[in-house]
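So, here's a batch of structures to check.
There are two complexes below, and they share chain A, which is joined by chain B in the first and by chain C in the second.
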Partner chain A sequence: MNVKPILSLKELSVSLKIDDNYVSVTEDVNLDIHPGRVMALVGESGCGKSVTASALLRLLPKELVIVNGEILFDAQNSGTPIDIASLSPKGREIRNIRGNEIAMIFQEPMSSFSPLHTIGNQIEEVIRLHKNSSTNDARSIVVGLLKKVGIGNPEKAVDRYPHTFSGGMRQRAMIARALSCDPALLIADEPTTALDVTIQAQILNVMKEMQSEYGTAILFITHNLGVVAQMAHDVAIMYMGRIIERGSVTEIMKNPQHPYTINLLRAVPRLGDLEAQKRLEPIKGSVPSLFERPDGCAFSPRCEKSMTGQCDRQIPPQRQLSETHFVSCFWNSQKPTEDYVS
Partner chain B sequence: MKTVIEVNDLKVHFPLGKRRMFGKPKSWLRAVDGVSFKISKGETFGLVGESGSGKTTLGRAIIRLVEPTDGQVSGEFEGVPVNITDLPQNELRQQWRHMQMVFQDPYASLNPRMTVKEIIGESLLANKLASGKALENKVRSIAELCRLDTQQLSRYPHAFSGGQRQRIAIARALVMHPEFIVADEPVSSLDVSIQAQILNLLKDLQQELKLTYLFIAHDLSAVAYACDRVAVMYLGRIVELASTEKIYYTPKHPYTEALMSAIPDLDPDQPMQPVFLKGEQPNPADPPSGCPFHPRCSYADKDICTNRQPEFKELAKDWFVACHFAQDLNLKGSKDY
Partner chain C sequence: MLHLLLRRIAASIVTLTLISVVAFFLIELPPGDFVDSYVSKKTQGGDIITQEEISEMRSRLGLDRPVYVRYFKWVGNLVRGDFGFSWEYRRPVSDVLAERLPLTFILAFTTLIFTYMIAVPMGIFSAVRQYSLGDHAITILGYVGLALPQFVFALILMYLGHLWFGASVGGLFSPEFEDAPWSVAKGLDMLAHIWIPVIVLGTAGTAFQLRTMRAVLLDELNKMYVIAARASGLSEFRLLMKYPVRMALNPIIATLGWELSHIISGAPIVGLVLSLPDTGPLFINSLLNQDMYLAGTMILIYCALVVIGTFLSDILLMIMDPRIRIGGVS
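Then we have the complex of A and B:
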């Protein structure tokens, strides 16, 4: 890929600070997000997906600190990126980026709007803050946005309060708010997890349309592999704070190389052959607590391919398999052996 | 096949607004509005539908955790028929031995002040079915069955992960040796890898203990894996009921088709082509006239569907659909997308 990434994480490490001790939450996260592409960040709860997303906007609670690494953001593709990790989390610079150049959609559409203000007011606020436009201009922009995300009767909807909106409508309104300043990067943290499948399909569709219209880069955080296959161009799989495999969506879904990725794909119930009634293959055990991080590769205690003396001692280095496909594992499966997705 | 649970025209209506003294409430929310089906011994009966469609209320009303407004539920446990809806409270408590529930959120459904041992053994103790050493042994054997570490039974729920907590909740439900279990979204709060463990466990237990499940979920792939038959609910009614294969591959109700089309495929080369439903989900307190699905249905006929409510009738053997045009429509299943 010759296009410069819009956002580039370089060895980003976030730790939990308890008194004077540091417990590592994410370690050496490297990630490039390119303009006009959707990067999916996938992993189980507690793997550090949301921490990474919050770190990008410097929204981490004070117990979580960036201990190492750079967050290089280059909205205009100028070649001179800003290092977000070095900005003050309350300073003017980061506030100019937040909501303006990088916008975020949260998981809970119920709790991300203030119940005391109308939907229109809350979207207008963002536009007025960042674009210095007048109240009237802002209002007409909001009506246009609501219409674009598929909310019926937008002229009336702007004056309604969030409680009168259904979950799907609120999520659309949140997308409208996130897109109101035409951001260069959109972070979507589990945007459809709380929604029903039919509404999920609609929201994914709205996001795709918006992306092709605005060319926004999206960092899509999810644990649903079906949604990943349908939405993403690139995928990064996270386990206990580290990215253990990344590549294009086809490489990850059709030729997964890390045992964790393979096991995740095998654990999903699929519709292919209901008659066969194959048993699911769960991953044994569960994710250890942050305070009991295993030595070596964090996945080794649960891994079928784990080699004693190696995997439980050393952190596997990253191997490059193609221009875009990277894996951090000592085990080498050589070639694709089975079909994981049908 | 022997029937374990038979539901007949079950209704659960909740009053809305203030009830005047001696008066009737202004309006009713029809959470469950006339539902009938049978569950056979040893099967897993799935219940799907969007949030607010009445799945949970129906599951709870069957075992009378919510009191039904109208209709009948009868069961047959250990060969003895019981009319569940007509039981007085004290006898209902006795019958709960045969009907148990597993809840969605294992972080909220376990009492944090009780040890795992106490949680699992509580119902035995309360029903005076075991005490002392016998209680201890029963708890231990059921914990083993649910693949829990018996060394850790004196610990409190906070020491366990989500998947282990759900095993504790399952062990608590099983300790009375019930025949019928209502599992309300038992895996939706768990991670993918843990979901698979619990789904497998539920299957194993079903075979070992000859259990019958009512499996409520909105995750359509988990339902496809776990269930023998599936009922699709919309606004308090069942719109289609058939074997899992029929529901997923050859749906006959337009709403089932919309659900199946919205399942995201794992193969990036098979792009999703969802059938988009028009408008928003209607308010269950003020359901549309005629067929409750007609305002969102792309096949709806102006006259028939707006005015006449379709009957829930048997289209083919063991295949029930509530749609005026079920015979004529050629709908797509999950394989066709």
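Then we have the complex of A and C:
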């Protein structure tokens, strides 16, 4: 890929600070997000995806600290990126990026708006903060945005309070708020997890439309592989705070190389499984706690391909399989595997 | 909104009616009546009062009639604005109260303002700087304020006030202003005295509201909407004031009526200790002398203040919180 990434994570490590002890939450996360592309960050609950997302905007709670690495952000593709990891989390510089160049959508649409202020007020606020527009201008921008994300009767809706909105409408409004300053990057932290299935599909559609209209790059955090196949251009798979495999969506779906990725894809139910009387294959065991991180590859205790003496001693280095496909695993499957696309 | 308002007004009227019943029977509750306490006072002074005189006095004051007749007569007069006659002072109740009630109101509302002016900013500070030195200091002060009985606190402050300022502590005015008509100088003189009763009456409430503010704000600070607002680039201070503080004010506003009732129920004892020229000492005396129309009127006024306070807090909540104003999902 010749275009420079707008966001590039270099060996980003976040730790949980308990008194004077540090417990690793994410380790050496490397990730490139390119302009106009959707990067899905996939993993089980607690694997560090949301922590990574919060770290990008320096929104981590104070007990979580960035201990190492860089977050290089280059909205204008100028070639001189800013290292977000070096900014003060309360300073003016990071505040100018937040909501303006990098916006975020959260998992809980029900609680992402203050119940005491109108939807319009809370979106206008972002516009007025970053773009010197007057109250009237901001208001008409908000009405336009609400219309775009599919909220009916937007002239009335701007003056309504969040508690009169349904979950799906609130998530639409959240998207409107996130896109209000036309950011270069949108971080979507499980934006559909709290919604029911039909609403999920609608919200994904809205996001896709907005993505193609604004050309915003998206970091899409999810544990839902179906959503990944639908939304993403690139995929990164995370396990216990490390990215164990990343590549384009076809590479990951058609040619997964890490045993964890392979297992994850096998665990997705597919049409036809019922007729074929196939059982879903769960991944054996469960994710160890942060305090019991296994030596070597964190997945090795659960891995069928684990090689004693190697996988449980050393952290596997990253291997490059194609221009975009990287895997961190000692096991090397040269033979092409079956088709995993659902 | 209007519907809600009307319902609140109706509820307030019903509450006041019930309170009038309770107030009346409360005063009837202690054994004996005004005549008994009058007679015992007189005989202690060496006077001889015959049985005829006693029953003549009873029938003159209407005390020989059944309770409910007296109650309805009292309430009937109340509605017409006649609060009855104080037997002790031999003047209409409204006259007796007219001198002192304004001071009670001033004291109660000054205390209320003091409570919130101190509690809200300190609560915010305490929550934002949780576990800092300042937070611990405020917490300790708060607990001392809650634990200290008001009359002890009043005596301590009086002593300190005398020691440090040499002021004529006790009362609300310096002697030269006591009977003077209202003027700017008298107002200033009052401000120089009022801080002692205000601090005494307000400290416990301040400590309580401060803890409430701190606890609620700590909850709100980690809510999603705060993080979402931070993620859109708001500065910490603007963010704090616009969102979580507004939310945390709700329980503070909701307890306004309750806070007022605390202040008012503390006022008589503090008024007595500090010999304030407000209704506090008057109220206690009227109860001791079984001067029932005066006592009844005062109980009613105190309760009415609480009802009004609650009503005000309801209206404020409606203004502040659209969820209460507009109701459920439309």
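By our rule, the second predicted complex is superposed on the first by the 340 of 342 C-alpha atoms of A that agree within 3 Å, B and C clash if a C-alpha of one lies under 4 Å from a C-alpha of the other, contacts with A are read in each partner's own complex, and residues count from 1 in each chain.
Heads up, the rule we're going with is that a contact is a pair of C-beta atoms (placed from the backbone, for glycine too) under 8 Å apart; a residue touches a chain by one contact, two chains touch by 3 or more.
In this text the structure is predicted, and so the values were computed from the model without any measurement.
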Superposed partners chain B and chain C on chain A - clash or fit: fit
Partner chain(s) touched by A:Ile97 [first = chain B, second = chain C, both, neither]: second
Chain B versus chain C, judged by how many residues of chain A each one touches: B
Partner chain(s) touched by A:Asn21 [first = chain B, second = chain C, both, neither]: neither
Partner chain in contact with A:His163 - chain B first, chain C second, else both or neither: second
First (chain B), second (chain C), both or neither touched by A:Thr198: first
Once both complexes are placed on the shared chain, angle at chain A toward chain B and chain C, C-alpha, multiple of 10 degrees: 70
Chain B versus chain C as contact partner of A:Leu116, first or second or both or neither: second
Chain B versus chain C as contact partner of A:Thr308, first or second or both or neither: neither
Partner chain(s) touched by A:Ser78 [first = chain B, second = chain C, both, neither]: neither
First, second, both or neither for A:Glu108, with chain B first and chain C second: second
Which superposed partner A:Asn132 touches (first chain B, second chain C, both, neither): neither
Minimum distance between Cα atoms of chain B and chain C in the superposition (Å): 9
Footprint overlap on chain A, comparing chain B with chain C: 166
Interfacial residue positions of chain A with respect to chain B in the complex: 44-45, 152, 166-169, 196-202, 204-205, 223-227, 229-230, 232, 249-250, 253-254, 263-265, 267-271, 274-275, 279-283, 286-287, 340-342
Chain C residues within the chain A interface of the complex: 222-225, 227-236, 242-243, 246-247, 320-323, 326, 328-330
Residue ranges of chain A touching chain C (in the complex, touch as defined): 57, 59, 61, 90, 95-100, 103-104, 106, 108, 111-118, 122, 125-126, 129-130, 161, 163-164, 166, 174, 177
Interface residues, chain B side, partner chain A - complex: 50-51, 161-164, 191-197, 199-200, 203, 218, 220-222, 224-226, 244-245, 248-249, 258-259, 261-269, 271-272, 274, 276-277, 279-281, 334-335
